[in-house]
Structure formats: C-alpha cells, structure tokens
Amino acid sequence: MIEAAFKGRLGGFDLDACFAVPASGVTALFGPSGSGKTSILRCLAGLTQLDGRLSVNGEVWQDARTFVAPHRREAGYVFQSATLFPHLSVAGNLAYGEKRAAARRRGAASQPVLDRDAIIDLLGLAPFIDRRPSDLSGGERQRVAIGRALLAAPRLLLMDEPLSALDAMTKADILPYLERLAAVAAMPIVYVSHDIGEVARLADRIVQIAGGRVVGCGSTADMLERLGLEAGVPAFEESALLTGVIASHDTALRLTRVDCGGQSLTVPPLDLPVGQTIRVRVRARDVAIALQRPSGISIRNILDATILTIDAAEDAVHGDVVLGIGDARIKSRITREAMAELALKPGMPAFALIKSVSFDGRRGYTARDPETGADAR
Amino acid sequence: ANADTARIAVASNFTSAAKALADEYAALSGHAITPSYGATGALYLQISQGAPYAAFLAADQARPALLLQDDRAVPGSGFTYAIGELALFSRDAAAALGPDYLKQAPFERIAIADPATAPYGLAAMQTLQSLGLDAVLAPRIVRGKNIGQTFQFIWSGAAEAGFVARSQIADAGAGAHWTVPSSLHEPIAQDAVLLDASSVAARGFLAYLRSPAGRATISRHGYATPE
Amino acid sequence: MAALLEIWPAVALTLKLASVTTLALLVLSTPLAWWLARSRVRWKEGVAAIVAMPLVLPPTALGFYLLLALGPDGPGGAVAGLWGGRSLAFTFEGLVIGSVIYSLPFVVQPIRNAFQAIDNGMLEAAASLGASPWDAFWSVAVPLARTGFLTGAVLGFAHTIGEFGVILMIGGDLPGETRVASIALYDFVETLQWGKAHLLAGGMVVFAFLVVLTVLLMDKRGRVRQ
Amino acid sequence: MIEAAFKGRLGGFDLDACFAVPASGVTALFGPSGSGKTSILRCLAGLTQLDGRLSVNGEVWQDARTFVAPHRREAGYVFQSATLFPHLSVAGNLAYGEKRAAARRRGAASQPVLDRDAIIDLLGLAPFIDRRPSDLSGGERQRVAIGRALLAAPRLLLMDEPLSALDAMTKADILPYLERLAAVAAMPIVYVSHDIGEVARLADRIVQIAGGRVVGCGSTADMLERLGLEAGVPAFEESALLTGVIASHDTALRLTRVDCGGQSLTVPPLDLPVGQTIRVRVRARDVAIALQRPSGISIRNILDATILTIDAAEDAVHGDVVLGIGDARIKSRITREAMAELALKPGMPAFALIKSVSFDGRRGYTARDPETGADAR
Amino acid sequence: MAALLEIWPAVALTLKLASVTTLALLVLSTPLAWWLARSRVRWKEGVAAIVAMPLVLPPTALGFYLLLALGPDGPGGAVAGLWGGRSLAFTFEGLVIGSVIYSLPFVVQPIRNAFQAIDNGMLEAAASLGASPWDAFWSVAVPLARTGFLTGAVLGFAHTIGEFGVILMIGGDLPGETRVASIALYDFVETLQWGKAHLLAGGMVVFAFLVVLTVLLMDKRGRVRQ
C-alpha cells in the first residue's frame, strides 16, 4: 500500500490530500489545471515537505518524526517540464541515475535490471544519444527524461504528464511498455495526466483531485463511470468498463472474441492467451440501442440488455441510459429524440449495439491479477 | 605680506616634524603650508610628472639632486634640512640593546628598511657591515619598504628588534632603544629643494627650516641638523 | 639576461603564491559560496558583507592588522607554535593567508552567484535519481557553476599576482621566501630602474594575459548551452 | 498568403520546408516528435535564420536581401515551454506585449483591440494575476503564455503546442475562442499540435511535416482523409469532413438538423444561424453500414449512400469502405468479418449509420467563408 | 572629536570617489559585459583578459604607468588641455579614471556572467512581443542580471574605498582634493598614530559593512525566484 496524507499551505494554496492505494500497478492523479497534482507528487517524492504521513509498502517515508530524504526514497520522477542536466549529453543524463542505481544494488539484493538498450530503442533515443539537451526538440527531451527515470530503477515511479509533448504514435509505443513495466518490475507508478484516454488505458485506479483535495478515489472502472458526472472530463469521453474472459482468436479475420457474462463480444485481435481476464473500455457515446435485433448491419456486437435507468433532463442535449448486461453495466448516450421515439422505459429488454472497432487495439487493455487491480478502498 | 598657501611634498618619515613646522610657520608668517606625504621615490615621480608642489622635503639627497639636474627645481635652492639618526629599537623595554645584542643575536628576525630604496636601510646595512655582522645576520633580516613599515614590524612583535629612525621612537615612546653612533654609517642627510620659484610661502618655509626656531623643532623630533 | 636572472626568484615565488592562493581560495570559497547561496538563515547576508570587508581597508593597513594577527602575540603565533615556529609573519604560509583573505570576495561572489542561478529543479532531479546532496553538489551544482568558478579563479589569480601592500607588510620582503614579483617591480620603479621595471611589468602582464585567456577560453569551449 | 521556404542545417538536422497557405484562419503544422515543427515556427518568427524566403500578405519578411528583425514582424509566439518573464508578475507579463502593441498602434491606423478582461476571464488568470511565474502550476503557466501572446495583438500568431499541459475542460473553453479570434481579428494562426482532435477542430488546413520536409499540405478535410494512411495518426482517429448547411434547430429536443446534399443530418445543437455552411468531422470508426434501413434503433443518422471503394488487405484488422453521400464522401471502418457477411461490393447501395452524438458539440466546427477555408494549393 | 574633524575631508572625498567610481564602473561595464556575453567574435576573450590585466600589476606600478598616461605628456594631458588643464594627474577626474581601470574586472565579470546566464528564450519572447533589442535589454536582460549588477557594485565600491596604491600615485595626497580615507589611514599607520588609525579603520569598515549589507539585502528581497 501507498498511504499518503499531506496537509499544508504552499504559497496561497491549501493542500489537504489523503489517499491509500495499493503499491502496485498504476495510480492516476486526475484533476484540472492548478488542482494540486504536481504538489502531491512532490510530497510523495519528498521534494516538498508538508505535514503529514507517507508510507510505501509499510515503510514509513514520512510521519511526525521521520522524513526520509528524497534521494533515499528511490522514487523516480519525470518532471512536468523535462529537467535534463544541461551539462551532460543524453547518454550522460541516462547514465546518471543508472550508475547510482547500480552502486546501490551492489550493496543490496540484486534487483531486476532494466534493459538499457531496450529503453533507448523504445524511446527512440539513439539518433541523438550524444547530443546536449539544448539541441533536442521538446518531445525528444521528454523522452530522454522518461528514459532517465526508468534507468534509475526506482522503487516507485512518479510521472507528471510525461507524454504530453509526444505525438500519438510515440505515445502508442510507450504506453504498453509502461504498462508492462508496472507489472513486471513490481514498480508502482503514480501518473499525472490530462488525457482521459491515457488514464483509462494505463491506470488501475484513479485518484481524483480538485482544489487541493482528494474528491474521489477508486478503480478505473468505477471512476470512469463516475467521472462523466463531474467537472474535469468532457461528456465525450464518459465510459464504462466491461470485464470478460478471452474466449477465442480468429486469426484469419483477425478478431478476438471475449466472453462477457455469457455473451460474446468481438474486439480487435489481442495478443493475450485464451482464458485471460481483460477489461474493455466502452464509451457511452459508442453504444446505440435497438428494440429489435437488427440484421444486415456491420455492427458486430449486439448484446442482450435490460434497461436499468434512464436519465434525461429537460434541457440536456443527450440522455444517458444505463443498460444491464449480465452482471455488468454499460452506459449508452443517445439523443432525447431517439429516447422519445423508442419509448424507452426501465425494465424494458433491448439490444446494445457496439461497433467492434470501438475497442481499438491500442485502447483495449488488460487487467492485472484481481488483487492488484482491485479498488483501493 | 599677503597670506599665501603652498603645497609641499614631504617624505613620510618626516611627517610629524613637518606638521609641527607648518603650524609654527603659519603662526609666524600667516602663510599656510599643506604637506602631502609619500615615499620619496613616489614623490619624485609625481613631481617629474607635474605634481603641484611648491617644495620637496626628501628623505635622501639623490632625488633632490636629480630634480635640480632635470631643471625641475629652482637652481641653487637645495640644502640639507635634517640629518637622520639611526636607532636600534625593540618593544621589549628590558632588552640591553647595543653592539653586543647584535652579536649575541637573541632574536629570530631583525627588521631594517630596504637599503635599495630607504636611506635608513642603507645606513642600517652600513652599521651591520661596520660591526662585521652583515653576512651572519643576513638570513634573519626582514625588510620594510620604508622605515614606517620597518617600525611596524617591530611594533607588532613580528620582528624582535630592528633599525629605525630615532624620530619614530620619539613619537612612539615605549620600548628600548640604542642610538647608533654616526661613526658606524654614513650620515643620513635629507635634502630639500624649492620647486616653484614664485611661491612666497614655500620659499619662506624653506628659510624657516634653516632658522634657529625651525632647527630646534627638527631636533625635537629626533633629527640632527647640519652645522 | 642578467635582469631576468635577478628577477627570476621573485617571479617563481609569485607563480607559486598565486597558484597556491587560487587553489586555497577555491577550496575555501566553494563551501562558503554554497552556504551563502542556499542557506535560509537571516544573518547570512551579514557574513557575505563581512567577507567583502578586507577590501575596504587599504592593503598596508589591512597588512598591519594581519601582521598583528599572524605575529607571535596573535593567533598566528599560536598556530605557528604547533610546529615550533614563532609566528606566521614573514613566512610563505602567512603570505597565502593574507592573500586569501584579501582576495576572498572576488572568488566567493561569482561562485555564489553561479550557485544561486542553478535551478532547484536540477538538484531535485539529481535527488530523484538517487544522488545524495553531496553527490549532487559535485555532479550537478559544481559543473553548472563552472563559469562562476572560472571567473573566481581568474580574478583571484590576477589579484594575487598584483597584490602588494598586504604581502609587503606580512612578508618582510625576504628574497626567495616572500619577495614576490610585485615587490620587485615596486623596487625597480622606486629606484628609477625603468628598463627592468618595464621588462618585469611587461612580462607579468603577458604571462597573466596568457593564463587568463586560457582559462576564459576553457570556459567558452566547455560552456553549458542551456 | 503566407509563402515560406526555408532550407538549411540546424546542428545535424536538415530542414528543407516550403509551403504556401492563405494568411487567414488556422494552419496546423502536424508531424511526429523531432520532425522540425518548432524549427519552422522559429523561422517564421525570425528567431532562427536560415536561407530562404518568407512573405506574409505580400510583405516580404525574408529573402536573399531582406531579413525583418523578429520584433518588427509582430508575430506573437506561444513557445513550447512557456517562457514567462520570471521578474514580472502575471499581470506584468500580460502587460509587456500589450503596452508595446498600444505604443505601435498610436503611430499606425488603429487596430481592433483585444479585450484584456475577456482574455483574463477566458484563461482563468484572475486568481493568480499578481503572482510570479515561479509560483504557478504547469497549466497555469501555459495559460499565461497564451494570454500574453494574444494581448500583444500580433498580426500572425505562432503557437507551439499551446494546449498540451491543459485538461480537457480548459481546452474546450479555449479552443472556440481561438477559433473565433482567427476569424474575427483577421489574425492568421500557425498552430503546432499532436492532438489530431484539436487540429481537426481548429485548423483550416494542415501542413504535414516529416524529417524536416513538408510531406503534405491541404485542407483539413483532405488531409484528415489522407493522414490515416500515413504514419503520425493512429488509425483510431481517421476521419472525413462533411459540408452542409444548417437547416433548422429543434429547441425542445436540443438538436440541429443539417442539410447535407439533400439528406438530413441530426447533430447536437449548434449556436449558428440557419443557412450557415458548416463542416462536420466524421470519424471512420463511427460509421456503420447497413443493407436495410434499420428501425427501432437509437441511431439518428441513416444516410443513403453508395459504396465507392473497398479496401481490405488480407492481414488487416479492419477494412475501409468509402461511401458516397451525394457529392461528399465519408469513410467507414468495419471489421473484415462484417464486410464478408454483408458481401459488400463497389457500386452497391447501402445505408451509412452515424450516431448523432458522435458530432460532439465541442468538436463539430464551423467553416469560414469558402475562400479562406479553401485548400492552399 | 578633533580626530573626526581632521579626517572628515578625507572621508567625504572617499565617499564621493567611491560613489562616482561605482557609477562610472556600472555605466562602462554594462555594454562591455553585454558584448562579452553575447558577441560571437573570436577575439572577445582576448578583450576579457585585457580587462583583467590592471589587476596583475602592483597598484603603485600601475599607478606609475597611469601617472605617465594621465600626466602632461600623455593622453590625459591632451584631454585636460581641452578645458585648459595641464594634466589629469592630481585631479579628482584622474582618480576616478584610475579607480575605474583598477576595479573594472570586478564589475565586468559578474555582470557578464549574469548576462550569459540569461536564457535566450527570454529575449526571444521579448522580441515576439514587439520589444526591440534595446527595449528587451532594459526590460528583460538588465532586471534578470540584477544579482550580477549588485555584486559588481559591491565589489567595485568596496575595492575603491580600500584602493590606495594607484590613488596615492596619481592623486598625490592633496588634502581635500585627492587625499582619500585610505591614504589618511596609511599616514596614521605610518606615523604610528594608532588611536586615529583604529578609529578611521573601524569607521571605514563599519560604514562599508552597512552599505554592502544594504545592497546585499536589496538583492535578496528583489531576487527573481525562478
């Protein structure tokens, strides 16, 4: 567990944040600009000292009497603005933490070593490995900062919008790596991001911050459902998670079928073994409702559903319909016109239509083992 | 006579005597004298670069002679206004100073002024030579650039003893001293020259130095005066 | 040629003094500058002002007070007593002490400014990568303060070469021991030996010019491009 | 027109970029990290001097003999990393350019003045207007930098990923403002962004950069269609634009109907007059295909279409179907399974199904007058 | 009291000299430092080294060469001739010139370092906001180089107060005209007037301490938090 509670004033800003999350997987700090995400991350790293407590895996890093110095915390930090050492080349920057980690390791039990070449390769650092940071583009700098933090082999990785200056393709390369890293290297990641897609993809749980306080904390599935109602997430991105088990792969047509409470979902091919439990993000705006099962249609996923609740305010543009699919629930966002025309009512049976390609291979994501993936409280 | 002012350049070792002389002369004549002090060498350089001094009281005979030679001074105005007396000085009032003291050498450092630049330093070296001690004591000698500094070496205790001007001891008071007989070194003649022929005040002041009253003041400050 | 031979010991001594002093200045200034740049105590500006004070006294006056301090009755005498000496006055060590005190502000201030200009983020990044404060100081702060160090070294070195009043006072002009080039030059000027004076002054300037130029070019070559 | 051609070496990087775009509306520079976007922007501002030519509205800013100094170009610049003046408060930073613009204006014909209070309000700068930049969060800094550039009343606005550190809600507030500004203030904007959504929303045309060269240039509509095939845009975002005219508003149900080549599209309410020409981005993955017109379904937009081309490589996950809708064309991305099942063939009539909420109010966007919105070459 | 009256003219003159010199140093150093920090010409480090050279000569020797330059036969005499003077030596103007030359490196170097440390992005931002290079220099570069200016001012001020060899040589110890406090102090020490010497030295140190402390605290209060 990472148990954190910080309280204090930073200039004119009051921070009073308290949360406890498992010390594994990825925890996202999510909140609007100026809500205190960076401040919390700094407290976790020991770079800002406020009153409070902090323990990681039972080890006390801060309490009334203790304050472990930042360099003893072995907390890697990717800063919001890449703070590369200007006097060192890219290679020198990468080696900085690596050398010190190696020296530490010599004393202690040997830890799994991150593969330097793999990281350089993944982040595409090779073309400018001998250059000074001043000669890099914004995105290149950010990638070096990520590489540097990873190579220091931290026990906790703190990342403050590490991917914000990167294009979609580069992001798409790095995200799965981080994902795997969090699992394989047993290195919990606390991740700040404004990109709800990134968060949904990467995070096991979300700590929602507003005005220096924790206003919500829970598993990504729960939080994504809830976040739509709150400030900070555009309606466009509201979504729910479905849990299923991989049932089969169709290699010819390149599809994967997922068994979801007895019904079959078709998604883009996933490179995961049959039987693996996965979670799939379904955005409310991607779910249509039909009263009869349509035929001659390209939409692959037509699920038996029951209408659970209907929420359509008079002045709203859309209405939200919550559908029960087996035990799970997904949300459909449709126009109020359609709602009226179909005369939807709670309890009514219906069909949920989800275009299979909505589960983009890059955005569908795997659940880790149930324990670490569990909600924090 | 109309009151006049004159700036005169004075070798630093003569500072307190010059002050007293200027005050006396002002009271007597109504002319004001403002002395500027400095190392004789530096004053000479300044005068040769046109420094606005009306007269020069040097610590040696060489620089006034040079000025006369260069036509920087009023011809025929040079004369010896004081003869310095060399003294061996120690802060330790109980020290038995004299030739024996130098021979026994119960000290680590002995201070003299630089013989190359300061007349008192030259006289001190001559004294040591006369006593046949120059080679023996050479490694123990520390040198000040002028006798002011030499005196400070002793006064601070950094050197146990040293050769200074008797005039300084007159100023300082405490300690023990031995006035070196003038037979042990060449006389330390200090010459003055007039630089500005038109300065009534300066001309008068130089005359006052030679007057009985002036000579009395000079010897009160620890200098001999020429016959 | 004869002139060269005559002044050689003074020149050699000057080089030694300037080198040792510059080194001592850097060693002393580095922690002091760091403390001045980073500490939060209120009275640190008082310390910074005190460091500048030796500048305010004319060298001979400062030299006299130093003479008292280094002499047998001062702390210098006590220190010298440890190895059987009588005083630190008229010794090379005394010269170094005097020169260091006199040139300290020129070295401390540029280094302090350079330390102060270092973005805190750099040191935080170093800590997050596992560097202890001591480690980060050497691996990040010092390289980033490079220009400040070089400026301090240049000023300290040049000032020590030209220094004269203090050295004369606490050195006692002992040939080969405390007679440095600046004193020799003073003598030549005082005794109207213009030829030797010009030769020595020219030599000192040319030599120092080359040293300073080298240091400044070193800085230029290695300067951090931010 | 903005006619630019730059050629030269920056360190080890060869830049050879040449493009011509109208000097109005928004031009997006789009390309992967390290492709040279920032370098081009700097050449436009005169901050980097390479060989080449540059003219803006016929005024020569650079050629073989001329090089207009940066401060005479009146080119506002929002830097990739906010370069606020650390010795000035936020208010001081804002006033810096404003004062100088006012001084300039006194000499020349008076220009439209940007409303200081409106900008402070829009960007939410009021809470920290008196603070130093060092006391701001990353997003706050970025907002100040945008405000500062706007208040300098530039004749050309260069923005290097100005919104990357901002959360979705803040972005959603700022984007329409920039959009309006480009039109109203007659101030062309050259905009660097990695977010294809932002680009599609804001840009009239896209200049695509790769390896220091311009590899594509065209209207946003054309480029979005093309970009899917190239590196730099994840398949997920590929889309086409439909042009239509606002036909009517349904205030009760809060819907707008758009006439699109004779057929009616239902979109979320738009605050635009009837008769206004607008463009709507339709993502390929949001378009489903049906052979019969489905009934009892929540999907509002069922358009008569003709299948034009089918593109389904053997090893691809999806197939792309291009549909003709009147004169316009949209793309539908469906699984190869669906393609096979429906036995689609070019020339076949079909129905394009588009969930109306796909046109999120925040992402549907208006076309400016046809001339300025036209393709650059 | 009498002692105070006696040294007052020297003290007043010192204040005037130190103030005028510091001002002149800042005026002169600012463009020079900017050029050294920003120019791309190769020989600029040569100029930087030359600026440091006056440091290398002992003050009296430097003073001697300055005396020749300022005297009736040197350029100083020619300049003085313009308003009917004979030479710049032994005048207040001459003292200022000498002090400026002697203290220049202490002022130029810190300002240069501060200019050099300014991120180019700041000046680019200023240009993009319509500020001409001249405007940006005053509105951005100078405020950001604040610490360098204050350091230069402190060192230049303190050094001028304590300066002595050069001033004695080119000034000639003329009471009320060129006799500054450091020379008066020198005289007191030379003539063993310890009481007056301690009083004056103490006064100079305390006064300078207060001035320097004020300047340093000014810096602290207004320092840019980056």
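Order of writing sets the chain letters: A, B, C, D and E. Residues in each chain are counted from 1.
To be clear about the criterion, contacts are C-beta pairs under 8 Å (C-beta built on N, C-alpha and C of every residue); 3 or more make two chains touch, one makes a residue touch a chain.
Just so it is clear, the structure is predicted and the values come from calculations on it, not from any experiment.
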| item | value |
| --- | --- |
| Count of contact steps on the shortest path from chain A to chain E | 2 |
| Number of steps on the shortest touching-chain route linking chain D and chain E | 1 |
| Co-neighbours of chain E and chain B - touch as defined | C |
| Reference chain A; chain at largest CA-centroid distance | B |
| Two chains sharing the most C-beta contacts | A-D |
| Relative to chain C, chain with the most remote C-alpha centre | D |
| Chain centre separation (chain A, chain C; CA means) in Å | 57 |
| Euclidean distance of C-alpha centroids - chain B vs chain D, Å | 91 |
| Intercentroid distance (Cα basis), chain C paired with chain B, Å | 35 |
| Chain A and chain D: spacing of chain centres that average the CA atoms, whole Å | 27 |
| Touching two or more other chains - residue numbers and ranges from chain E | 60, 64, 119, 189, 226 |
| Touching two or more other chains - residue numbers and ranges from chain B | 42, 45, 149, 152 |
| Residue numbers of chain A (touch at least two other chains) | 81, 135 |
| Chains touching one another, given as label pairs in label order | A-C, A-D, B-C, B-E, C-E, D-E |
| Complex contacts: residues of chain E adjacent to chain D | 119, 121-122, 124-133, 135-136, 139-140, 143-144, 146, 224-226 |
| Complex interface listing, chain A residues touching chain C | 45-47, 69-71, 74-77, 79, 81, 83-87, 96-97, 100-101, 104, 132, 134-135, 148-149, 152, 154, 158 |
| Contacting residues of chain E [partner chain C, same complex] | 45-46, 48-50, 52-62, 64-65, 105-106, 109-110, 113-114, 116-117, 119, 147-148, 151, 154-155, 158-159, 161-165, 182-183, 185-186, 189, 197, 201, 204-205, 208-209, 212-213, 216-217, 220, 223, 226 |
| Residues on chain B engaged by chain E in the complex (per definition of touch) | 7, 9, 12, 15-16, 34, 36-38, 42, 45-46, 49-53, 146, 148-149, 151-152, 155, 168, 171-172 |
| Residues on chain C engaged by chain B in the complex (per definition of touch) | 60, 64, 67-68, 70-73, 86-87, 89-90, 168-170, 172-174, 183, 186-187, 189-192 |
